[in-house]
Structures are given as C-alpha cells and as structure tokens.
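Right after this note come the structures.
You will see two complexes here that share subunit A, one where it goes with subunit B and one where it goes with subunit C.
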Partner chain A sequence: MGLAGLSQVQRRQLVCFLFTLPALAIVFVFFLFPMLRALLFSFTNWDGIARTYRWIGLKNFQTVVSDSSFKQIVFNTLYLTIIYVPVLNVVALLLAVGVYNAGKAGNVYKAMLFFPNLLSMTVIGLIWNIIYRYNGLFNQFLKIVGLKVLVQDWLGQVNTVLPAMSVTIIWFAVGYYLLIYLAGLNTVPVEIYESAEVEGVSGWQKLVRITIPLIAPSITINAVLSTIGIVTLFDLPFVLTRGGPGFKSQTIAMHVYAYAFQQLRTSYALALAVILGAFAILITALQLRFLRRREEVIL
Partner chain B sequence: MNKRIVLFLALFLVIGLAGVTAQKITLTCVMMAGDIPEETQAFLDQFSKENPDIKIDFTNVAQDLEAYLQPKAASGEMPDFISVNGGSFGADLVDRGILIDLKGTFAAKNTVDAVKPQFTSPKGKLFGIAGGVSTSLIYYQVQAFKDLGLTPPENWEDFLVLCEKIKKAGKTAILITPGDGTMSNTLWSHGFANNVVAKYPDYVKRFREGTMPLDTLEFADVYAKGKLLFDKGYTQPGAVSTTYMEGNQMYIQGQSVQHFAGSWLAGSLLKTDFETGVYMPPWNAKGKTKIPIVATETGWGVSEGPHKKQAIMLLDWINGKGFHFYQNARGNIPHVKDPMGPVMLDDRIKTYLDKLYSYKQTAGLWFEYIPAETMMLTFQLYQEVLTAQKTPREAAAAFDKAARAAVKK
Partner chain C sequence: MRSKRLLGFRRRSRVGVNVVMVLIVLLLIMPLWYVLNNAFKVEKEILRRPLVLLPSAATLDSVIRSFKAMKYPRVFMNSAIVFALSCALLISAGSLAAFGIAMAKSKLLNAVYVVLVAMITLPFQLAMVPLIFLLKGLRLMNSYLGTSLVYSGWFLPFVVFLYTGFIRTVPKELEEAGRVDGCGLFRSYRSIYIPLLKSITGTVLILRGVPIWNDLLVPIITISRATMSTLPLKLYSFIASSGSSATRWNLVFGSTFIVSVPILLVFLFLQRYFVRGVVAGAIKG
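Right after this comes the complex of A and B.
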C-alpha cells in the first residue's frame, strides 16, 4: 500500500511524527529507558557493579522504609517544601511587583536578583558555608551591629540548619521565579489598574483582587516548578551541610546518593529513588489539580 | 621496480607503526590530594618529564574517594591509576578483577610488610600500595603549654584536667572536626582502639564475620568521650560544623592550643608561626596502657585496562625513584624499605615514631576494618550525639545494627 495509500492528513501526521522522532529518541534513551531500568533494578539485588542480579520483589522498599533515618529524611524534605514553596513564591511575587513598578531601574534590580541563579548550586553551597561558619561573615555582621547574642553555629545545630538552608535556597532561586511572575504581570492589561486607581482601590487591594487572580497561570507554574525543585534537592545540602548534623538536613535525594555511593547499596538507592519519583509525581498532580481548578474559577 | 615499490611500502609501514607506538599515552590518574594539590601535580609532572611518552591527566578528589570511584567502576570507566584506601572497597574491586593484583611489582617489594594486610583482599590479592604509615596525634602550641605550666598528659583523666586549665585561661583547648568524616580518624579511631580493641584484639576478623559486639558500654564510650569534650566547652565554638580543612586552618592561625589530626598533615601543621609539639592521644583510662594507632595512609592502585603497564610504571616510580618528591611534599611517615632519595621527616615525628613503635598492641584507622556500608555512619552518629539527637548508647546500638546488616548483605 505504501505512502500512496495514505490520505493527505495521514501523510502530514507521519511527517510530523518523523520530525519528532529524534527528540523522542533522546527522551527515550536518556530519560525513559534509564528510568524504566532503575524501576526494574529496584526490585532486584543488583549491587551496582555485578553483571548478574536476582529478583527480590519489594524487599528493597521494605528495607528503605523501615530504615531508622527514613522518617527524618521525609520530614526534612516535607519541611523544606512547606517552608520554601510558599515563602519563595510570596517573596518572588512581591519583588516582581516592585520591579514591575520601578520603571527603568527595574532592569538593574532584575539583573541583581537573577545573578545568583547564574551560579551553580555547588558554588552557592560553598559560598554560604563560608558565610554561615561560626567565624564567618554572618556572625561577624551580627557582632558588628550589636547582635552578638544571636551568634551561633547556624549549620551545626538541629533547630537552625534547615531554616538556614531555606534562606540560601530562596536567595538562589528567587530571581528565576521573579522573571516568571514578571512575564505574568506583563499580560495583565494596564487599563484594569487605571480603572482601579480611578475607583480609589489601594495598592494592597490591587495586588490581592487584581494581580494575583490574573497571574494565576504564573502562580501555578511557579508553585509546581518550585515544588519539584525542592523535593529533588541534592547539591546544595550536600555541599552546605553534608546532610548534618546527623541526618538533620539530609533530603531524600541525598539519601539516594548515600545509599548508592557511600553505602554501596545500589538496589536500596533505586528503591528510594522510585519512592521519591512517586512522591514528586503525587504532589505535583495534587497541586496541578487544585491550582488549575482555581485558575478556571478565576478566569 | 616492483621490488622497490614493495620495499618502499614496507619501510613506510614500519615508520608509520613506529610513529603510532611512539605516540604519547595519556594516563588517567585520580588521586586524593586535597591538602597538597599543587605538589601532587608537580611530582606527576616530574614523572612525565622522566617518561616523555606518558602524559598524565590528573584529577584531584579531595574527599569521598569511594563515592567518586563507585560509578566509574559500575560503568567500566575506572581511571588507570587511582588513590585507594585500605579496607573493603578496594578489596571488593580487586576480587572482581577491576583492580589488578600488585603482588610482584617493584612497589610491592619496596613496601614494608606491616602495611600490606590492610591492602590485601580476603582472596589474598594486593589491591593497593599504602601511601605511608599513618597515625593520628595531638599537635599543640608549645609556648601555650609552657605559659600554663602544662605537660602532655598520659591518660584520659589527666587530659580532661589539662583541657579545663586551658579553658580557664580563655583559650580553646582542642580542635575537633565533626563537620565531615575526618573526625573518624581521630576521636572515633582512638576511642575504638582504647575501649574496644583492648578487649577484642581480633576485631578485624570479627568485623568481617559480623560478630563484633558494638551495642556495648565500651563502644558507647567512644561517643561519650567526644560528647564530654563538647559539653564541657573544651572544643572550638561552632565545632559541630567544623570541617577538616577549616580545622587545619584554624590551628595554623593559632585559634586553638591543641589540634587532633593526622600525621599526614605534619608537613603543614609543624610549619606554623609558633612552635608546635606532638604527643600521643591519651584516650586510655588511668592505669591502662595506651593503644595507639598505626595505620596506613591512602595509597594507590592500578585498574585493569589497556594502560596498566604505564600505570604500574607510575606506581613503581612513586614508591621508588620518585618517592622523595611525594614524601617531601607531605612530610609523612615513609612506608618504603628504600626511599631512594632524601626523606624529610621532622625530628618531632621521628621521636614520636620511636615511642609509637615501642607499643606492642596497636590498632588501625576506622576505614581499614569497618564495613564500607557503615563508613558515613561513624561521623553522622557522632554529630547526632554531639547535638543530643542520640545518646552515646543509642549511637552504639545504631552502629551495631548497621554493621551486622552490612555483613548479612
């Protein structure tokens, strides 16, 4: 029958499919295939090096979940998600509104706020490790401004390590999310704000009643991206705290690394990675469901 | 005419082949040289100078050597020449055929026998050559001791008295580095040696068999000692997050009267602006004999691969003709029978070694005998104890469980 037997629509669809084939091949080879292999190996006793392995069912998952540090690492990941996502998005939105209204100076502010995002997380971790040290810049600053009573080991205490890490992550990421909010703000018709001013609406009411509802799609994007980013966080805590003190700042992603490369238990690492993946998908699906519904109501 | 063409072609082929074989071989070299990166590059350059057909592609891995090498082993991309620690990781690699057995090499023949067992696998293969003999000791400011009328203590109780006096003088008594795994070289290893090895001299065998009892008061005291130093304020402010490099810098800057660190740092810690002395860590109880550490430094191994001949040449050079380049940079304790060049060993270390070698019972460093799966736990549990997340007994129980699970696997 060949191509001659196809209708014009079918031929067009075939051509489109052929054009997407290289991209699909890349996605399959570098993403889907390793993911499926990891899923397969998570049900085996593969040690990461041997050529042979045995199917052991859910044993790896049982071991990982019953590990004494599992509760702590899940707590740490949830803590960071609950603190980081709302705080980051509120800060990024308020800064975006400020930059939007700053006129020409807004470009300078945009550049300054986005600059940390140009650096790698590893560099960020090293810089902030120096800042947070007991004899580091932050404590020196506190002494200079007369707040010596607040000087402490920010990364070496159970109750300060996660908040300290959250500040670092927010400082790093705010510029990126600010740009997405700025893009959203640019889609809001100026006439609406002009009408609101004529009506005597306050700045706060403009923000809450006009801006936030009309940039709902940007909020959805940022909420989902920031959640995925924090749930899969590895490089910053690895460099900044190495997961310490103890396991107090160890994230799930860090623990996957620890299982695979420090404890040499590759099958446990893969099982935990599968759990992390499922967790990320679940949270993202729930978020999208809630936020999309909200968008539909508003728009 | 045909004969001339054939002759010409044959000559051309020979010259071409010669050209190919004369090409430089690039040896990939991964070494743990976080404290002497420039010096390491310099002595590798010296090797290349003496062997112009071998070019070295050097990667410095400051920490987490096993974590760096494991994915390379899994993907079949092991570097030709690697740093390797004595213990289970290297043993596993040689028994799988990923590292080669170094028995019979010049390096092996020129190494003292005492540092070979730690680099020998259960199947009897020599997977590495030690980088030196190592121990951990206490470096101290001589003048500070004189000013306070102190002398190096001989037991734990006297050590606490000494620390209290230093603290009362408004100084930091001792630097510890729980921020990363390096504290395992000091507080953990000495605690284990004096508390546990004293009772179980066959500890290496027990660890391998999974019969080492660790949920015990003796092992819990390994953590309790560190906790006591921390709670009493003898350690530096911000101790929990202080890392190895930071701690070394703090001592060199004179921020502490004493520093608990390894002999491999003698090259830098003995060259301070103030006079530094060394003494044996007194982790023994009063009336009990000390059990000091005599161990191996991170050594070198060769991967199975197309360049193993050249990698063995490098290994033999570092442990032979080129040894003094490495040793002079480090100032560490030689492990070779014939250094084949001038050895720079500080007189203070020489005196220390005379005393060290007089002890009948010694113990190794932690990574030489604990299962690879528990290596990170040594300092993570220590951090949990210091920050009161776990009691010393809970830490001991957690380590016991992990060590048994590792052997079961």
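Right after this comes the complex of A and C.
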C-alpha cells in the first residue's frame, strides 16, 4: 500500500506521529475541544441542554461584568494575587535560607515544612475552618501570647476573611516553594560567600547582593508558578469559606463553579471562564516578560 | 554533603539559626498536631484539652466511628482506582507521545509540542463547563474512566513536556544502536527507553499523581453518586452533611485523620523522592 512508497525517514516520522496520537486525542477531546467550545459558546445563549442557541455577541460578558458580585470577585482575586505572591515568596526564601543554614537538622525542617503541601486541600480547609472559629485554636493562641484584643471570628468578618485565607494558603504552599529556593541556593558556589566574608560584607548584604541575584531563576519559576496557582485555586478557599461571608472571599475561579453548578447559569459561567482564562494568560505573560528582563539586568 | 558556610551569618550563630527554625517549625506544624492528637480522643476531652493527649484518655473510638460512617474501604477503593487509572493513562500516553516527539525530526510535531506546552498554564475552569456536558453525552459521569480522562486531558500537556525534556537529554546513539540491532521504534521505546524513565515517572507521580489523589474540583463535578465518591469528596460531603451547628468534633478529627493517613505513610517511606521530584519538575518548568 501507500506505506511501501514512503522513504525510510518518512516512515519513521509517520510512526512517531502515531505514537503521539493517543495523548493528542485525549487532550483534544477532554481539554482543548471543551475550551474552544467555551470560547465559542460564551457569545451565545447556549444553556448546555437545548439544541438551539443563537449568537448574542457580548451580552453574557456585559451581564457578568455588571453583576453586583463582579467587582468583589475581581477585587478578591487581585488581592490574593498581589498579597499572596510576594509574601509567599519572601517567606519561602527566608525559610529556605534558614533550612540551608541549619546544617544537618535542615533536612528535618524541610520535610516538616513541606508536608502540609501533600495533604488534600479539603483537609486543610476543614482544619483551618475550625482553627479560625471564635473559640478555635488561633484565638486561644492569641490569648496566650497576650494579644487578646485581636480575638475575633476571623472567617466570619468582612475585613478579616481575606487576610486569614491568605495565611492558610501560604501555610499550605510555602513548603513547595521552599524546596525550589533551596535547590537554587545549593547551586550557589560556597566560595563566593567565603570571599565576601573575608571582605567583611554583612549578613543582610550577602543575602541581598549575592544570594538573591544568583537565584534569580528560582525566583522567576516560583513567581510564575505561584501566580498561576493562586489565580486558578479552587479547593482550599471553597472548603475554607465557600466564598463567604456573602461574596467577600469568592474568587473568579470559584465563581465560575458557582455560576455553572450552583446557580445553573451556563452562559454566564462560560463568559466568566473566558475572562479567567484571559486573566491567567495575561498575568503569566506579563510576569515572564518582567522577570526575564530583570534576570538579565542582574546577571 | 559538603560543609556549608552560612549564607548570611557567622558559623557560631548556627545554634541561633537552629533555635529560630525549631520554633518556626513547631508553630507551623501545630495545626497538624491539633488534628493528630484530637483524632484519638473523645469529644469531651477534645474540648477540654485541644493540644494535649493524655495516654489515659487515648482511644480509637473516633477513628473507628469515622471509618464506618464514611464507608472508608469503598471510598478508598474509588480513590485508588481513579488514581491508578489516571496515572496509567498519563504515564503510558504521555511517555509514548514524548518519545514520538523527541525521535521525529518533524516540524509538525515540534509545532504540536509548542502548542501542548502553551496549554500547561490554561486554567481548568475554562474547559470545565462544556466538559461536563460532553461527559454527560458520552455517559461518562459517575464513572472511573470519565474522571480519569478528565485528569488525563488536563495534565497530559505537562506530563508530555516533562517526558520530552527528559528523553531529549538521553543520547541519541542509544536509539541508533537499537536500530542497528534491528529494533523497531516501538521496541526501542519499550525495551530501551522505558527502563530509563523511572526517575522522571516518579516526578510525574509526585507532581500530578498526588494532586489527583487530593483533588476535590474534578470529583465534585463528575461524581454525584455517593458510592462513587473519592476520599476528598467524601470528606467534604461528610463534614458538610453533619452540619456546622451540631459539629461532632470527634468525627471531624477522626475523618480528617483517616483521609490523610495514606499520603502520610507514603511520605514517611518515600520522603527523599518527594523532595527530588518537586525540584526536578520545577527546574524543567
């Protein structure tokens, strides 16, 4: 047949192409195709069930954007991104420096700090929901260290729910980012520190002038990974607060779920999902650009 | 390990660093201790001494009751099947595709690869809604296969990326030598490359297998039948259904504990691999 007419190289390429088919088929059918449908149907009044639908332009987007909850969920998503990403990265880097400097015991610290990251976010959300209650562990801790004035219902109040949620997410995630920073630190040649010590450079200056520039690649990786992570995060905030009180801790990612599976408003869910996708792509692209450039300047 | 100079501090302050780190670590693992010790108490004792486990007060009562109420064996099996099926699909389809991409000197496949890599960061929520209607149409709701295919579609781009990166570091001569010996491409994939892929497969299991095991988002939309529930989904509905007004503390702690035990055991035995896997994945990414 046709195969016989192919050259050796062509036949080889054909076989290679066949090897990719199972994976490509799965990705196409169960990921790419639904995404393209979401993109297309977000401009229609498709409800998922009816066979007929018509093109309604930007109407879904207008409805979603003008909804009273929209400002809140965008604010929450931006808040989490802007607070979470820098704080997480600073904490993870400082802990990594601590683990690095701790000598042999460092391995134990590393394992313990990483462990929460392996637990299900459902477990984490449930535990911290209990910890943050009025008579919960967190408030008891505050009383013991003499901060009784701070005792409050952390997840039930409008102005404390997002900071409390950020603390939980950072607690959950920090071990993962710590490992990546630690790997970065281990690539820095020890001699640099030794000669800096001889010249009498202070500890803080060593961190800022030597360590941070030399581990710039790890910083880029972590910044991008943590941003994507927080923008699309669902399980942890969903179990911890279910977006409440009201919509005060609802994120865009959670609201897509709420539209689709709680309020059964398919076309709004699609429009918001498209907004979320655009947001995720934009942020990642901007960050990669900005951080890559900085890396070049520093190096 | 080589002797390390301190990054920011003089050597004699190593003791100081350790003191600070011990305090931080103790503070950070407090929530885990909170669950662990309360899982072995009766309700009254949980309320009276939330952070102290007196040996005289220790009991397996909460654990056993949660185990029964959650129908743990069945739910564990569901989780295990979804995990095994998803990982089998990710590893087999992912490594084969990566092998094809790495071996073919084809512009088309390189372009396909670039598209796959670009898809890694796309949020699952974008596909989620049409995906559910698709699963309904294919009668793949409430099914192990349907749930596993959802994970496969979502994670294959990343898995193919990991495997391709790895296979490209393997010297080409290996496959060429196989060809001289009369090995076809599939034979050399199976008998030369698969044995080499052990460590990268470990990375795949840690970076995507563990999140699948722990995930709530996919089962919460693909599984509605209680008998098909996975561990995280069961835990969520178990606690939600017991109601926050009349929370039974012993069941809350008992159930969170038994849901976390499998991963705890795996981590205790395979700790080194976890650390290595995370780092390997991140550096490639």
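Quick note on the criterion: the second predicted complex is superposed on the first by the 261 of 299 C-alpha atoms of A that agree within 3 Å, B and C clash if a C-alpha of one lies under 4 Å from a C-alpha of the other, contacts with A are read in each partner's own complex, and residues count from 1 in each chain.
One rule holds for everything that comes next: contacts are C-beta pairs under 8 Å (C-beta built on N, C-alpha and C of every residue); 3 or more make two chains touch, one makes a residue touch a chain.
Because the structure is predicted, anything quoted here is derived from the model rather than measured.
A.B. asks: Return first, second, both or neither, reflecting whether A:171 touches subunit B, subunit C, both chains, or no partner chain.
C.D. replies: second
A.B. asks: Classify the contacts of A:147 with the two partner chains as first (subunit B alone), second (subunit C alone), both, or neither.
C.D. replies: After superposition on chain A, A:147 lies in contact with neither partner.
A.B. asks: Report for A:90: first if it touches subunit B alone, second if subunit C alone, otherwise both or neither.
C.D. replies: A:90 sits against neither subunit B nor subunit C.
A.B. asks: I'd like to know which partner A:253 touches here: subunit B for first, subunit C for second, both or neither.
C.D. replies: Only subunit C is touched by A:253; subunit B is not.
A.B. asks: After lining up the shared chain so the two structures overlap, which partner does A:261 touch, if you call subunit B first and subunit C second: first, second, both or neither?
C.D. replies: After superposing on A, A:261 lies in contact with both subunit B and subunit C.
A.B. asks: Go through the superposed model and pick first if A:82 touches only subunit B, second if only subunit C, both, or neither.
C.D. replies: In the superposition, A:82 contacts neither subunit B nor subunit C.
A.B. asks: Regarding the shared-chain residue A:241, is it in contact with subunit B (first), subunit C (second), both, or neither?
C.D. replies: It touches subunit B, and subunit C stays clear.
A.B. asks: Under the stated touch criterion, which partner chain does A:48 make contact with: subunit B (first), subunit C (second), both, or neither?
C.D. replies: It touches subunit B and subunit C both.
A.B. asks: Please tell me which partner, subunit B or subunit C, touches more residues of subunit A.
C.D. replies: C
A.B. asks: Subunit A residues touched by both subunit B and subunit C?
C.D. replies: 48-49, 257, 260-261, 266
A.B. asks: Which part of subunit A faces subunit C closely enough to touch in the complex?
C.D. replies: Going by the criterion above, the answer is residues 12-13, 15-24, 26-27, 29-35, 37-39, 41, 48-49, 95, 97-103, 105-106, 108-116, 118-123, 126-128, 130-131, 137, 140, 171, 176, 179-180, 182-183, 185, 190, 193-194, 197, 203-204, 206-207, 211, 218, 221-222, 225, 228, 231-232, 234-235, 238-239, 253, 256-257, 260-261, 266, 269-270, 273-274, 276-277, 280-281, 284.
A.B. asks: Going by the contact rule at the top, pick out the subunit C residues touching subunit A in the complex.
C.D. replies: Listed in rising order, the residues are 2, 4-10, 14, 17-18, 20-22, 24-25, 28-32, 34-35, 50-51, 89, 92-94, 96-97, 99-101, 103-106, 108-109, 112, 116, 119, 121-134, 149-150, 152-154, 156-157, 160, 184-186, 189, 210, 213-217, 220-221, 231-233, 235-236, 239, 252, 256, 259-260, 263, 267, 271, 274-275, 278-279, 282-283, 285.
A.B. asks: Quick one: which bits of subunit B touch subunit A in the complex? Just the residue numbers, please.
C.D. replies: Touching subunit A: residues 64, 66-68, 70-71, 73-74, 89, 92, 96, 98, 178-180, 236-242, 246, 250, 372-376, 380-381, 383-384, 386-390, 398, 409 of subunit B.
A.B. asks: Which residues, counting only subunit A, touch subunit B once they are in their complex?
C.D. replies: Residues 48-50, 68, 132-135, 152-158, 241-248, 257-258, 260-266.
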